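As written, the chains take the letters A, B, C and D, and residue 1 is the first residue of each chain.
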Amino acid sequence: MVPPGHDNPQTGPFYVDGAEPGDTIAIHIEKLSPARPQGLSSFFPGFGALNGTDRTAVLGPDLPETVWFYDVDEKAGLLRTHSTDGRATWEVPLRPFLGCLGVAPGGGEARSTIVPGDFGGNMDCPEVRAGNTVYLGVRVPGALFSFGDGHFGMGEGEIIGTAVEGAMNVELTVDLIKHRETPWPRIENGEFLMSVGAARPLEDAARIAFKDMVQWVRERSGLSEMDAYQFVSQASLAKVVQIVDPLYTVLVQVPKKRLPKNSTR
Amino acid sequence: MVPPGHDNPQTGPFYVDGAEPGDTIAIHIEKLSPARPQGLSSFFPGFGALNGTDRTAVLGPDLPETVWFYDVDEKAGLLRTHSTDGRATWEVPLRPFLGCLGVAPGGGEARSTIVPGDFGGNMDCPEVRAGNTVYLGVRVPGALFSFGDGHFGMGEGEIIGTAVEGAMNVELTVDLIKHRETPWPRIENGEFLMSVGAARPLEDAARIAFKDMVQWVRERSGLSEMDAYQFVSQASLAKVVQIVDPLYTVLVQVPKKRLPKNSTR
Amino acid sequence: MVPPGHDNPQTGPFYVDGAEPGDTIAIHIEKLSPARPQGLSSFFPGFGALNGTDRTAVLGPDLPETVWFYDVDEKAGLLRTHSTDGRATWEVPLRPFLGCLGVAPGGGEARSTIVPGDFGGNMDCPEVRAGNTVYLGVRVPGALFSFGDGHFGMGEGEIIGTAVEGAMNVELTVDLIKHRETPWPRIENGEFLMSVGAARPLEDAARIAFKDMVQWVRERSGLSEMDAYQFVSQASLAKVVQIVDPLYTVLVQVPKKRLPKNSTR
Amino acid sequence: MVPPGHDNPQTGPFYVDGAEPGDTIAIHIEKLSPARPQGLSSFFPGFGALNGTDRTAVLGPDLPETVWFYDVDEKAGLLRTHSTDGRATWEVPLRPFLGCLGVAPGGGEARSTIVPGDFGGNMDCPEVRAGNTVYLGVRVPGALFSFGDGHFGMGEGEIIGTAVEGAMNVELTVDLIKHRETPWPRIENGEFLMSVGAARPLEDAARIAFKDMVQWVRERSGLSEMDAYQFVSQASLAKVVQIVDPLYTVLVQVPKKRLPKNSTR
C-alpha cells in the first residue's frame, strides 16, 4: 500500500488573505480536465466496501491487489477499460472532479488526505466539479485551502476504494465571504443546493447533510423548523457518495426551483 | 400513533399458482394513479430520521405531531402544499409509487408492513413505479404476494418518516419464473438494473445492494468477481432510499448500456 | 447450514392465563443444568462477527465450517476442549444460561428463533441464568412464552456465532404482573438491575438499554431525568452481549446498593 | 462549551529516546490519586449518548447544561454527590484512571484530545489504571507520549459525556520495546490480556478489539486462526467503554489463566 501521507497528493495549502474563523470561502471551480490520457483504478487489500478493512475487521484472506487502466476519450466523454483477462471491455462516463478539496481542520487537528470532514477534505464527491461552487467554513486564520486527488470518473459508493484517478488541470477562483459560518460543506450551482455530511455509520453522514439542508432551506425561505423538515423530506435527492474512506460521505440535493415561495393567499 | 398492524394497508396476499421456494415472481407495474385528489404527509413523534426514535433512543421532548395535506395536480405533475402558518407554499413532483410490495418472508416469519427485507415489503423505493418490473424470490408456497402503501411522491431519505401518501389505483401483472433464486429484490426497466438492500446500519444496506449488483453483472456479462467489483464501482448510482423504517434501504443502479461487452481484440 | 426455522429449538409457547397486553410476566429461573455431558460450538460460513455475513456483505471466500466439542466438568465448573489439530487444550467456565427466552412479539409479527427484540427472544444473554428474574412485557393475549437454546457457557460478544451449546434441564416459575408495561427486557437479582437492548448498529442497542435503565432508576428513586441520566452514567456496567444475531444485544447493569437515597440534609 | 483544543488537558508530549516507528512503548501505571478533594461531571448540549450530537444530528431543543460535583472519600473508596434539587444522594466507586494516554498518531496527523484511536488517546478506558501496563505502537520518532484527563470514576458507556473528572497525581514508567509493532492499544495485568478498539459504529470498535485479541492469543499460544477465533469467542469479556467520543471504544479481556496449554495427549 502507499505509505501513509502519500495518498491523494494535494496542491496547497493556500493562505487566503483576510480569512478568519467564522468566515466562509467560496471556491468556484472553473475548469477541470485530465492532464493525462490514462487514468487508473485499483483495489488495495484492506480498503474498499465489499471486503474487510482496518475498521470492518475480519479474519481470513483478503482479495488480491488489482489495477485497471482506463483510456480517456475526451471526444466521446468516456473512460474505457477491459477486464483483467482481456476478454471484455466497458466504458463509463468521463466526469472529472476533485476527490479532495478542503481547508485546514479546526481544533488544532491535522488530518490525512484520505479523510473527509466538516472541513471538506477527501469527500470524493462528484459534485466538486467544474461549474459548481463549494462553500467551506474557515477554521484557522488564512483558511489554508488545498485541493487534489483528481478523479476522471467514479460510480456512487466508490466501492472498490478508488475512482478512475489521475493528474488534473484545475482552474478555480476563491472568494472570501466574511462573517458567515458554514458548519459543513455546501455546494451550489444554478440547479441545486447541496449539503455534504461525513461520518460513520452512514446514516449519521446522511443525518448531518439533511440537518444542514433543513437549516439552509430555512435561511433561504424563512420556513419554521418543522415545515423545513417536511419540505426537505419531500424535495430531496440523496446519494451514497462513498463508503470506503475513514468517514463515509452522503450528498443531499434540493432543486432550487422547488424552494418554498411566499403564499399569495 | 396508528395502532400496530394498521400502518400501510395492503392488498393481498395473493397465492401465485405454482410458485415455490427457489422460484422468482416478476411483478410488472403497469399503471399507478392516485385514487384521491389529496395526499398527506405527517410527522409522528418517535418516527423519523432527524429526531429520537425507539431505536435511536434519546432523552428529552420529541418534536410535535404535524400533518401536511398536498393537492394532486395531475396535469402539472405536481403535489402542492403550504406551510403550517399558511405563509409559504411549495410544490414537489407527482411520482406515484408503491411503498410496499412483497412476498411472505421465509423462515416461518411474519413481518409488520413497516418493515422491508429480502422479501421486499416496505422498501419505500420510488423505483417501484409504473413501467418497472420488480423481481422477488419466492420464500413460501404460493409466494403470498401483497402490495400497498400508496406514495404520490417522496424525497430520497424520507426523513420525516412519511411520503406524500394516499390511496392508489394499481394495475400490475405477475409472472412466475421457475427455478431462479432472487436473494434480494431486483428492479429492472429499459435503462437500469437495480438492486435493493435493507439493513441497519445504512452501510450494510448499501453493501447488500452492491454485492447483489456485482452478482447480477456477473450473470449478465460473465465477468470475474474482481472485474465485476471494479465495473460496478465505476458504473453505479446509489441512492439513500429511506432512513426511517426498522431497516434502512439503499438502491443501487447500473445503466444497462454500460454493461461490459465481449472484447473484439 | 441448518434449515431456516430449525436453529435454537424451543419449548413452548405457553399460554399464561390472564396475561394481556399491558401486563408483564416475571420469569424466575430456578435451575439450569446441562442435560448432556458434552456441548458444542461451531463456525458456520456467513455467520459470526469477524467474517462476512448476509448483512456485512463482502466478496471473496468465507472461513471454513468448523465444530468444537466441549466436555462438561460439573465438579470443576468448567468446559474443556482442544484445538482442531489436538495439540492444545483450553477450559472456559461452565455457566449455563438460556440463549432464548421470550414472549410472542406484538404487531402481528412472528420472528425467527435467531432474532432478539423487545419481546426477548434470542438475546443470548448470560444473565438469563439460574437465580435471576427476567421481566418481559406481554404483547399478545396469553403472552405465548417460550424458551430454549441451552448455552453451557459463552464469552461476551459470541463472536464465532455460537456459544458452547447443548440440551438443558430447566426449572422456572412464571408470575403475572398485571398492568405494568415493560417495553424492553429487564433482568433482576439481589445485586443488579439489568436492562437489555437489541438493535443494529450496536450503539443503538446500548442506547435502548441505557434509556430503559434511566427510566427504571427514575421509577425506583424518583430522580429527575437529568439526575437519573447522570447517575446511570456513573454507576453502570455495560456489556457487549453478542454481535452476531440479526440484532445485536447490549446489557446494562446498575448495582442496587448504589441506587440514590433520600437526602438527609 | 469549552473552546476546541481546551478539553482534556494533557501532560507531555514526552520524547522517548530511541523510540521509532515499528517499536512499542510499555507504560506501567504505578500510582494514580486525585489531586483535589472534589471531581465534577457535566452534561454539555450536543455531547452525550442519549441526546442529539453533531454526528447523531437531530432537530429540536437539546437537554440543559448541568454540572454535578462529587466529593472524594478516599477512605471509603467512594465518590458522593446529590441530585440537582438536593433531595437525593448517591455514591459511586472511586476508581481513578486516565481518560487520555497516547502517542502521536501516524500518517502526519494531529488529533484532538477528545479523539481515541490506534494511537491510544482519549480511550476513556477504566483499565488505564494503577497496576496495569499499556502497550502503544510507536508511530513517529520519539513516540511523543502524553497523558491526562484525570477520571476519578466512571460508569461503562460514559453516556452523559463525562466521567467524574479532576486533576490527578500520576506516577508512571515508560519502557521501550524495540522491533515490536502494536497496531491497536493493548493493556495487561496479572489477570488479563486486554485489547482496545476505537471506531464507529460500535460494532467496528468491537471487531477491531476482538481481531486484535485473536492475534494476541495466537502470539501467546500458537493456535491456528480458527482455533483462536473459537477460544476468544468462548473466553472473552467485552465492555462498552464509551459511546460519546468521536470514535467509540470497546475493551475485550481474556483471562490469562484460560489461555490454551499444550495438550498432554
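Brief remarks follow.
One rule holds for everything that comes next: a contact is a pair of C-beta atoms (placed from the backbone, for glycine too) under 8 Å apart; a residue touches a chain by one contact, two chains touch by 3 or more.
Fair warning: this is a prediction, and the values are worked out from it, not measured in the lab.
The most distant chain from chain D, with centres taken as the mean of CA atoms, is B. The interface holding more C-beta pairs in contact, when A-C is weighed against A-D, is A-D.
Because chain B and chain C share one sequence, their contact can be compared position by position; here over half of the interface residue numbers appear on both sides. Chain A and chain C have Cα centroids lying 42 Å from one another.
Mean C-alpha position of chain A lies 33 Å from that of chain D. Counting partner chains per residue, chain A has residues 50, 56-60, 63, 200-201, 207, 210-211, 214, 229 touching two or more of them. Contact residues on chain A toward chain C in their complex (touch as defined above): 50-52, 56-63, 201. By the touch criterion given at the top, residues 4-5, 54-60, 106-112, 197, 199-201, 204, 207-208, 210-211, 214, 225, 229 of chain B touch chain C in their complex.
Residues 41, 43, 48-50, 63-64, 66, 68, 79, 82-92, 153-164, 200-203, 206-207, 210-211, 214, 221-224, 226-227, 229-240, 243, 248, 250, 252, 258-265 of chain D are the ones that touch chain C when the two sit in their complex.
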